[in-house]
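Heads up, there are several structures right after this.
Shared chain: subunit A. Partners: subunit B in the first complex, subunit C in the second.
Coming up: the complex of A and B.
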C-alpha cells in the first residue's frame, strides 16, 4: 500500500499556500522569467487495474469544487454524464472491450480529466494573458478572471479536456486541486479513492510506485502493462498505469501518441510571425512607393480632354504606338 | 437606371461596367457620378466592419496586440462581438458584391494592364490601355475580398463555439482557426492595397464620399468607362436644362 497523505495539520501556519505567483513557469500570452528554483514536480497516478468504478472520485471532485451537474439521462451505460462538462472536471469512462487474445470481456474503466501536460497545448493556444498558468510543480491552472471564453484552449488540448461554461463564458477543467496541493493535501479524488487506484505524490515517487505496480501486473500475466506518461507532450502530471499500455486508445480513446497538433503549432508559430511581417511589409511598401513615386495626380490636360469629350469636340488622339491592347 | 435601360433596348446594350447611377455632367470641370448614395453607405458600413474586425481579430491573434481588446470593452466583449461584426460584414459585403460584380468581370484590357504593372506603379497612365470602370488592380481587390470573406465567414462559423460548437470536430476547428488566421492576414493585405491606392491616386476618395469624380480623373484612369458614359448619355449634347 502506498503511504496515505496524512490529514492536514491544524497549526495556524498550515494554511499558508506553499506555491503561488512566484512559481509560475509559463503564463498564457505572456513572457515570464521562470523561477530560479523549480518546485518538486507533483503527479497523480491513476492505476486503472485497481479501479472498481465506484465514482467516489467523481463525486469528491464535484463536492470539493462546489459543482452541481445537471440531472441528465440514463443512456444505458455506466458513463454519466456522457462527456466532460464545465461542471464535470473528471469523468469515469467505461469501456467493454473483448481481448482478442483471450476472448475475455474486459471492463476498462478510466478516470478522464486534465493530464497537466509538461508542454500544455491549451496554454500555447490561449490568447488571453494570464488566463492559463503552469506552476513549476507541474500544475496547469485556469485563471477565470483573465479567461475570455474564446475556446482556443479546446483546440490546443491534445486530450479534449477543457469545456466552456454557458453561464460565465470561461473555460473549466481539473485544477489538480491546486488549492489543496498548495496546503500540502492531495487532490480530492485521490482522497476519496477507496482502493488506492489514485495516488498522489512527487512525480518521481509516482514513477517508482508505478514501476512496482507494473511488475506486479506483469507477474499476473499482463505482459503489456506499462506507465502512460506520454513524451509527445513532455510527460504529464497525471499518469496512468494501464494493463494494456501498448494500446492506450482502447481506454475510451486515450490518445496513443498525444502531441500538440501541428495545425496549432503552425497557427501559433509561423503564421503569427509571418503574418505580422507580411502585413507590416505591405504597409511599408505603400509608404515607400508614395515617397518614391509621388502622388498620382490628374493634370489640367486631363480635365480639358474630359471637357472636350463631354462637349462632343473630339479630344486629341493618343500618341502613336500605344494603341495595342485597347479594346476597339 | 430605367431611362438608360429602356434606351439601350433600342440602341446598343449598356456595357457591363456602366452601373446604375453612373453619369456624366458637362461643366468646368466635368462631373462624373460614380457611386450612388446607397452604394456609398453600403461601402462605409462594410469598411467600418472590416476595420473593427481587423482590430478585434488582431487582438486575439497575437498577445502583443491583446491590448486592443480595450477598445471593445475587454477580452470577453471582444470575443463576443467579433463574430457578430463578421456577420454584419458578410451581409454588407454581399450587398456590394451584388452591386459591383458585373463591372468587375474580366475585360480584355486587364491583361495588358497587368503586363504593364511597372507603368502603373510609376503612374505613367498614358502607356496603359483605356480602362473601364475598374482596372485589373481594382478587380483583384474586389474578387480577393469576395473570396476571402467567404473563407473567413465559413472558418469563422466553425470556430464560433458559443453557437456552433457541436457542428464541427476539434480537428476541423483546428483547421478553421489556421485558415481563419491566414485568410485574415491576406484580407488585411488586400485592404492595405485598397486604401493605399485610394490615397495614392488623387481625386479617388471623393468617389466614395460625395459619389463624384472629376472628368479629368475619369479621363486619366477610366477612359473607356468615361467614353461609354458620354456615349450612352440620353440626348447626348448639348445638355438640356431639364436634364
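Coming up: the complex of A and C.
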C-alpha cells in the first residue's frame, strides 16, 4: 500500500519536549561548549519533481505558526505573496522555463524557505548574543527575545531568507517546526503535503530517499537529476531533489554555489575585539551595516515603496483614480 | 469512478484529460505520484493549458477546449488501424459482435431519425437485430458489415491524425506520441487509467466526451481491472452522494427514475423496465428494478404504500418535461413562472451560466430561501456592489430568508467519495450562532407543512401527510436513523416458500444488502445501492481497518463502498473468458473452479460459471457497449460537435451547429456569439485553482492570502498583440457580460492553429465574487452561455467565445 510517512525517527524526549540549552551546538555572538553527543541530524527533503504547487505547505505553515499574512494582490503570476515576509516563512515560487535541449516548457515549482544550513551564515553574522541558535540536530532557530532587529542575519544568509517584522522589529523565518520536531513530529508543511513531495526524517534517511527519486527521474530522461545539499554551507538540513541539479538557479534563483559572504568572516574578526565591549556594540553594528549595506541612503521613493508594502498596496501602483480593491 | 482512488497506484499509465487532478484533486493525486514512484507509471496530460498536472507529467499535449471527441475518436482510430486492441477482451466482453438493425445510419454529423424542428431524434432504428430466438444477433467472426465493430471502424475513419490536428490544434506528432503510449496498454498486462472531471462534463456534449474514453478503455481491455477504469473525479466531497440519492428532478435514489406523464400508472411504468436479457444466460440485473422500487416506496410511505394502491405510485410526481434541471428552472424563473425557490447548500448565481439571466430570474421570485453555512452571492443578489453587482435594490421585491446551517465539519453523517466509498464522519467542532443542521431545518418545515395540510386539506395532501416520519424525535431525525433507513430493513417476517417453518427474514432487522430486497412490501429501503451500509453488524461506513490483503489497493474493511462493498465495478472483466486474471501480478478476483474469489467483492453471482455469464451484469447484453443503442439522446457513437460558441465551423459536419439535440431556450440563441464572430475572437474557458474550493474558500483568510485576487490567463503572444502587461488590468467580455481582472501572462498557454486559423485561449478561473474575505471580483459566469449537455444539462462552462483588451481596471461606483 501507499506507505504513509511515519512520524520521523527522531527521538523525542517527553520530559523536556522543547529543545533547550543542552542541545545547542552554536549560539550567535557567544561561545558555547557543544554537547558531547549530537542529536541525530534531521532533514526535510523537498522533491521538486513531485510537487504540484498546491500551496498546502504554505497554508499549513500559516496555520501551525498562527501567522496572519495580508491578503495581497495578483501580480500576474501564481506566486503569492510575491516574496517571503515576516509572516510567510515558506513560499511556493513558480518559474516557467523552456528546456533548451528539448524545447519543452517546464513549470518549475520550488518551495522556498530556510535551508537550515549546517554552517549557518545568519548565525555567524548575528551580533546579538543568543538571538540565533543551532541545535545539534541541525535546526537553526531564532530566539526573538534576544533579537535586536539589525537585519544582519539577512545579509549573512546566502539564500536571502529572514525577514524583519515591522511589528516587533525582530527577524523571522522557518523554524523547521522545532516545536513539533522536539516532540517527535514532522514539520507542518511535510504533514500537509498531499503528494509526499516533502518528507522529513534523519538526514541519512532523506539522502537514501533522494537516491531512489533520482534513479526514477534519471529513468524518465532527467540525466542531471540530483540532490541539492550544497557543500559551500556545510550541507543543509533542508534539501531538494531537482530534475536539473546542474543548474539550481533556474528554480527561481536557488543559488548554484551558496556560501557565506566573506564580509561575515570579517565581522567575526571584529567581534573578537568588541564582543565584550557592550558600549561599543552600537558603533560596531553601525560599522558592519556600512560595510555590508553601504551608506544609508533612503530616497523618497524607497520610503513610498516601504509605506506601500506596509499597507499591503503593491508597487507599481495601478493607473491613477482606479485603485484596486476599493470598496464602493 | 469505476475504480477507487486507492487503485490508481496499480496503473501503468495515467491519462488526465478533461480534468486537472493535481490542481483540483491534490489529495487524491497522491495515488498518481505513488504509481509513478513505485510502478514507474507514466502520466499524460491533454489540456488547453499546461497546468499543475502537466507540471509533473511525462508528456503534455495541448488541445483546444471542446474538441475532445475528435481526439478520442482519433485514438480509437489509431488503435484499430494499428491493431492495438485487446481482442480476447473486446470480442466476448463488448458488444463489438452485435449486429445492428437495418435502417440505422450515420452521415454528415447526424444519425438516422433527426428532426430539426424538435432538435431531437426518433431513435427507433438505433437497436440490435433481433433473431428468431428473441435474442440479439451476434457475429463472432466480425464479418457482418453491420456489426458494431465494423460500424465503429467506419465511424472513426475520418478522425485521422491530420484531422485531429485540424480540429483540436494538437500537433500531429504530439497526438501520435499520446496514441503510441495509449496503444501500449492494449496488452493484458498493461493498464491505463482515465482521470477526468468537469473538463469533460461541462460541455454541450459532455456525456459523449466520457463515452469516447470509455469506448477506448474497452478496446484496450482496461475496464474492470486493477489500475484501469473510467474515473470521474467528483468536485465536491459529497457530490457523488448527491447523484446516488437522486437529488435531481428526474431521479429516485439509486438511479431509479421519477415517472413521466406517459406513465400514469405503475403497470405502464414497469412495462418499460422489464430488462429482459438480450443474450442467453445473462443476468440483466435491472430485472430486480421492481424490488428496489417497491422497497423505496415502503421506506417513503410505510403502511400507506400497499399492493392495492400500487405502492402509492400515484403519490409520485409525473414529469411533463425531461427534467426540471437548474437551467430550466431559471428559465422559468425569468419568465415569472416560479414563486418560491429553496436554495439549499447551493450558490447558483455563481454556479450556473449567464449571471445576468440568473439574477433577472431571482428578481422575479416572490421568495428566496437560502440554507447555507456561508454568505453567498445568491443570498445577496439584490445588493448593490457597484460594478461587481450593479443592481437597484428598490427594483427587487423578492423576499430573501437566510437560514444558517452547519457545515460538514460540524455535524455527523456520511460522505460518498469519488470511489463510491461511504465514509462516516463525526463533528469536529460546534456550529456558531444560530446555525442548525439541514436535517433539523427540513424536519421543522415538513412538520409544519404536514400540520397545515392536515388542517386545511388541499388539492392532494396524501404524499405529504402520509410521508413516513417514524423518527424518535420527529423534530430532528438523527443521521443514524436516516442512514439505517437508506440501508433498509425487514418489515414483516418472511418464510422460505419451500419450508414455511423456516424464517428467512425477521421483521425489524436491518437488511444485509439489496439482495434481500423484495417486491411484495415485506422490505423497505431508501436507496438500494446503499444497502449494506448499516446492517445488523452496525455502521459499516464507520469502519477504519486499513488492512489490504495482497497489497491490492482494495481496503475492503475501510468504510463501505456501494454496491455491496465492491471497490472495482465490472471486476469479472479482470479475468479472461475462463476466469483467469489477465495479469497474474494484478489479480483482483478469479474463478477457482467452483466460485469467484479474490481481493474484491466479485461483480458477478459468486457461482456463475465463467463462460456462461458475461461480466457486465447490469446490461441485458451481458457485455459492455461500444455502441450504446438508443440510450443517449445525441447518438450511439460520439461525434465531434463544436461548442455552441466556436471559433470555427464544424470541419466534419459544417451544417451542424453545436450539439444538434442540445436544448436551447428560444431567447438564448441571440445571446450566443455567431460561429467565428470577429467581435468575440478568443476561445474562453473557465476552471478552478488549487488554492480555492469553488466559491467557499474566498471566505477564508488563508486561502485568500494564497490566491487573493481575480485573474485571467493568456499567452505571451496574445498579450503582445493586445498590449497587455503582466499583472496589468484587462477587460474580458462575451456577448452576455464583462469582467475586469488582472492578467497572468504565461508560456503555459499557446495560441493554436485550428483549421488554418490562429486561435488564442483566454483562461478564466472562477473563484471570486462580491462576498467574502478575498478581494472583490466578478463572477466568472457573467461570461458563460446558458446551454447544457444534451443528456443531463450540465452547463457548457468550458468553451465559449470572448474578447479582451487592456484596461485601467473596474470603475468602482
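The definition used in the following text is that the second predicted complex is superposed on the first by the 251 of 328 C-alpha atoms of A that agree within 3 Å, B and C clash if a C-alpha of one lies under 4 Å from a C-alpha of the other, contacts with A are read in each partner's own complex, and residues count from 1 in each chain.
As a convention for this text, a contact is a pair of C-beta atoms (placed from the backbone, for glycine too) under 8 Å apart; a residue touches a chain by one contact, two chains touch by 3 or more.
What you are looking at is a predicted structure, and each value in this text was computed from that prediction instead of being measured.
K.L.:
Just checking: does A:96 make contact with subunit B only, subunit C only, both, or neither of them? Give me first, second, both or neither.
P.N.:
second
K.L.:
Is A:263 touching anything from subunit B or subunit C once the two structures are fitted on A? First, second, both or neither.
P.N.:
First partner only, subunit B.
K.L.:
If you stack the two complexes on chain A, which partner ends up touching A:154: first (subunit B), second (subunit C), both, or neither?
P.N.:
first
K.L.:
Tell me the contact category for A:127 with respect to subunit B and subunit C: first, second, both or neither.
P.N.:
Only subunit B; A:127 stays clear of subunit C.
K.L.:
I'd like to know which partner A:183 touches here: subunit B for first, subunit C for second, both or neither.
P.N.:
In the superposed model, A:183 contacts neither subunit B nor subunit C.
K.L.:
For A:75, using the defined touch cut-off, is the partner it touches subunit B, subunit C, both, or neither? Pick first, second, both or neither.
P.N.:
In the superposition, A:75 touches subunit C alone.
K.L.:
Considering only the touch criterion stated at the top, classify A:223 as touching first (subunit B), second (subunit C), both, or neither.
P.N.:
Neither partner.
K.L.:
Answer with first, second, both or neither: which of subunit B and subunit C does A:50 touch in the superposed model?
P.N.:
After superposition on chain A, A:50 lies in contact with subunit C alone.
K.L.:
Take the contacts of subunit A with subunit B and those with subunit C, and give the residues found in both.
P.N.:
In subunit A, residues 318-319, 322, 324-327 are touched by subunit B and also by subunit C.
K.L.:
So in the complex, the part of subunit B that touches subunit A is made up of which residues?
P.N.:
Result: residues 24, 26-30, 59-63, 66, 69, 74-76, 78-80, 107-109, 111-112, 121-123, 125-127, 129-130, 159, 161-162, 165, 170-171, 173-175, 177-178, 181-182, 184-185, 188-189, 192-193, 196, 199-203, 214-220, 224, 226-227, 230, 236-238 of subunit B touch subunit A.
K.L.:
Can you tell me which positions in subunit A touch subunit C when the two form their complex?
P.N.:
Residues in contact with subunit C: 1-2, 49-56, 58-59, 62-63, 68-78, 80-81, 96, 98, 104-107, 109, 194-197, 212-213, 216, 219-220, 318-319, 321-322, 324-328.
K.L.:
Across the complex, what residues on subunit C touch subunit A?
P.N.:
Touch list, subunit C to subunit A: 6, 9, 22-23, 26-27, 29-31, 33-34, 36-37, 40, 50, 52-56, 58, 60, 384-387, 546, 548, 551, 553, 690-691, 701-711, 725-729, 742-748, 773-776, 808-813.
K.L.:
Contact residues on subunit A for subunit B in the complex?
P.N.:
Interface residues on the subunit A side: 29-30, 127-129, 146-152, 154-155, 160, 164, 169, 261, 263-264, 266-267, 271-272, 274-276, 278-279, 282-283, 286, 289-290, 293-307, 309-312, 318-319, 322, 324-327.
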